[in-house]
């Protein structure tokens, strides 16, 4: 093996692709979730949507709020998961981009732009910013990228404190809540969130199950070698950053409506860690994981509402436990259970069938 | 018998690469395993050093079953490997690289010093470069350093993977001379090679083909016959 | 050594007269003072060409130079007359160069067919946006690609379980799937880096049959194979070039090349060959 | 001016030490440890409690150091070692989770009020002329920081240290020639915990520490480590000191609110312009 071979052979293992080793554990998430009887799935989705639309008419405002929050987090996690799970890049500026959405919308609404218009506006702005933040992806690998993006993200939040005349600084700002005629503000917000969530899930699912998702996974798993397939690795990495930023900011705009009052400290590490929990509890690289992860996080938030430190401990411990015991997240647990009961011999992962990228190829590369 | 491999099978993932290889090495012998690339030589080395798991068969070293002992344990037993591609640490100095050979056996100060002197006696070229960065050495010198480091651990059996890798013929000859000298000093060697020049220094030769034993001969017999070229370049 | 003068008795094969698909012109490359390629001259014509030589001779470096992963320090590499030096791997691939790697690199959780489909980037005329909104032309594109990917798998005898996840195939089949992925782009030059390493006899037959079948329909395409299994080279390639210490030392029909004393010496080491 | 520089060097010493702790663990165990500052905080709070219980100063110092080492070794054995096969990312997330949990545990046990670790010399200062006086605790920080850097550099020249560098360069080969990577990982985490304990203790004998201390401290530590490209000890140490001084000047002449942002900007610029750290290319015989 000549030196140059080794450079190429080892590139994906040191690159972002293999860094997300736990993501591999989610193998099959895409095909399991994606194929199958499409009609039945469509019906299930429509029924679920109808039920969700009915909620504000039957449930109390607390439940509506909790559901809204779950959906907002789920939207944001779809974006984060796209970046971490599907493109294999550890960009940690997600909380800041979420903040850009929240502030961008709140500030522009204050200047008379209708809320619904601010959603895509904030999204596009954040997407551009995310591409700039993601640019180090060209040169940085693995956790260096993580540190650079974390630093930039924190700097953005600091900037929000700085820009006191516009944002109200550390003290925060009030958000004008948009309302549909003749219903309450919180119900209006809920409906917007529901529509956006449905759109987000529908579109990302389509994109990820098609050529875009395939190429993204190739870039994640093959790293620079993807170039030899005629795919620009750089372009896809940046697009992943941009898209995740767009989705983060869209979720952020909704979050500001939901909270009605925002301040920079909301978007620090104490938001980033739950965001990571949502991705990993849901299962990085899965399709429906974000919903599961978000629901889980909201439950923790609600359970440990007034307990301050306990809530932080819970997050820290949950993150650690999930990473240590369930690298594929909760959805992988569901899959394992389902496969073990209904799966055919073909679907089941028997140790006898070779699994590349585990001991075999890894051992080859080590030496 | 120092090393005995009986019908060993191993591979990567689900793919079997060695389909039952057997060989023995006696104390004080130099044994060569010859074969073109892709015949399982390197897998054999990885199996012996514990990087690849033994699927079936048996490996005994000095009467002890090696079983699942991890690489650093095996080094501690005196089964020392000179890795493929030399494995010199470029960020360390020449002296530090040499002393890494002591990691397997925790030698004390004076014994370590004696070992170092003995090794530098074999490779005088290295003696003047102890404080240089290892990356400044030529290919041949790096191979000497790798050999020297292996000797620091006082191996009972030294496994050498491709001594000739990427080296000019003259350098290869010098290194094989060193191998002969080592035998005089009581080190047993198992050399895995693609270049048949190794036969000149070894007692016995195994030729592998397709992950199986193809033929076993005394080295000089093999050199004298035309079996070598016929079994090798076909 | 000039590419035109070496190789005896090669006039019999018609492909020798065709214009070269790729030409190496004095290509040199060194890593940190360690010279790996020292002026490689080689013209690869349509059909199979073997690139052989002892370990560390610089074979993979050659492939990396053509496919855009390495920039040579000296010389030029021309693809159909156009220099590829300085082009990124994806641009080179767009020009019609596909390659495989020593250890198979598939996307473990995608199916075999989808893995092959990833290789079809050159043929997509519709953007992701069109796809997202289900534009009919984009859908047709996807359908055609899927059908072609299935066909290719069938050509290599892997048509039975096209929807099985790639990581459930044995390594041998994975390597073949990788070859099929390289073919979906309809390359004019296919580079194979040790395609047969770790393959059983059955897999090798599949590979050979598949490649022969594919190449049979594309008279202008070239396949360059690095391989240690000299039997396979002899079986597939009308010509083989021998690389030793970064130079082409022989080039011609494999049978002749392997009998050449210089080549024997390169493989076996100087004194043994001389001693005999 | 002089006062600003000394204050800068003081806090710079903390950043440099924490940066060194991060680099040591990074080298041997391949983990970017985001919980480093929290580890130091836990150790320091144990020391503070012991001091409050009436134990002599030096005994409490010793106890703090021991707790730091023990915490490091424990975290390595209980959490990190079993995840190492998954690569960087899960390990990184694990330390993020750990930092959150440790911080919250400290809050739960000791509360969020700022505390100090009074040393016999705390509050004493010496005049250096021109009406400027410098606190003894500041001098202690700077001197200990320097000694710590020298000690770590010496350690990396030792045989265990060169084994660590070998593991950092190529883990598989190091194991092959008999290096026990697990033992080295434990040692590195122990040293990391020790340095972290020293760092937070130094800060606590000079000013106040609380549960919000680690959040900024860890960032500054990472800035220092980034300046050394996560490998160079000299780069990390000098980087930490420079950061401390810059930060102090920004605080004095611009605004304290900008301090944090400037540090973050430094990380980003270093990573973009010189991903290997700013001493790379300077041909020092560095570890």
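Think of it as A, B, C and D in the order they're written, each chain with its own count starting at 1.
Heads up, the rule we're going with is that a residue touches a chain if its C-beta (ideal position, glycine included) is under 8 Å from a C-beta of that chain, and two chains touch if they have at least 3 such contacts.
This structure is a prediction, so every number in the text was calculated from the model and none was measured.
J.: Could you tell me the least number of steps, going only between chains that touch, from chain B to chain D?
T.: Step count on the best path from chain B to chain D: 1.
J.: Identify the chain whose mean C-alpha position lies nearest to the mean of all protein C-alpha atoms shown.
T.: Chain closest to the assembly's C-alpha mean: A.
J.: Considering only mean CA positions as chain centres, point out the chain farthest from chain C.
T.: The most distant chain relative to chain C turns out to be D.
J.: Higher C-beta contact count, B-C or A-C?
T.: Taking the two pairs in turn, the one with more contacts turns out to be A-C.
J.: Roughly how many whole angstrom separate the Cα centroids of chain B and chain C?
T.: 33
J.: Centroid of chain A to centroid of chain B, CA atoms only: how many Å?
T.: 50
J.: On a C-alpha centroid basis, what's the spacing between chain C and chain D, in Å?
T.: 51
J.: Using the average of all C-alpha atoms in each chain as its centre, how far is it in Å between chain A and chain C?
T.: Result: the chain centres lie 39 Å from each other.
J.: Chain B: which residues touch two or more other chains?
T.: 12-15, 51, 83
J.: I need the residues of chain C touching at least two other chains; which ones are they?
T.: As it turns out, chain C has residues touching two or more other chains at 34, 55-56, 170-171.
J.: Counting only residues that touch at least two other chains, what does the list for chain A look like?
T.: 1, 353-356, 360-361, 364, 366-367
J.: Please name which positions on chain D make contact with chain B in the complex.
T.: 159, 162-163, 165-166, 168-170, 172-181, 285, 287
J.: Given the complex with chain B, which residues does chain C contribute to the contact?
T.: Residue list for chain C touching chain B: 32, 34, 54-56, 170-172, 194, 196-198, 228-231, 258, 264, 267-272, 275-276.
J.: If we count contacts the way the header does, which residues on chain B are in touch with chain C in the complex?
T.: Within the complex, chain B touches chain C at residues 12-15, 17, 36-38, 135, 139, 162, 164-166, 169, 172-173, 194-200, 223, 226, 228-229, 232-234.
J.: Once bound in the complex, which stretches of chain A touch chain C?
T.: Residues 1-5, 7-9, 12, 24, 26-31, 203, 206-207, 210-212, 214-215, 217-218, 221-222, 224-233, 346, 349, 353-357, 360-361, 364-365.
J.: Okay, in this complex, where on chain D does chain A touch?
T.: Interface residues on the chain D side: 32, 79, 82-83, 85-90, 92-94, 96-105, 107-108, 172, 176, 215, 219, 222-223, 226, 230, 257-258, 260-261, 264-265, 267-268, 271-272, 275.
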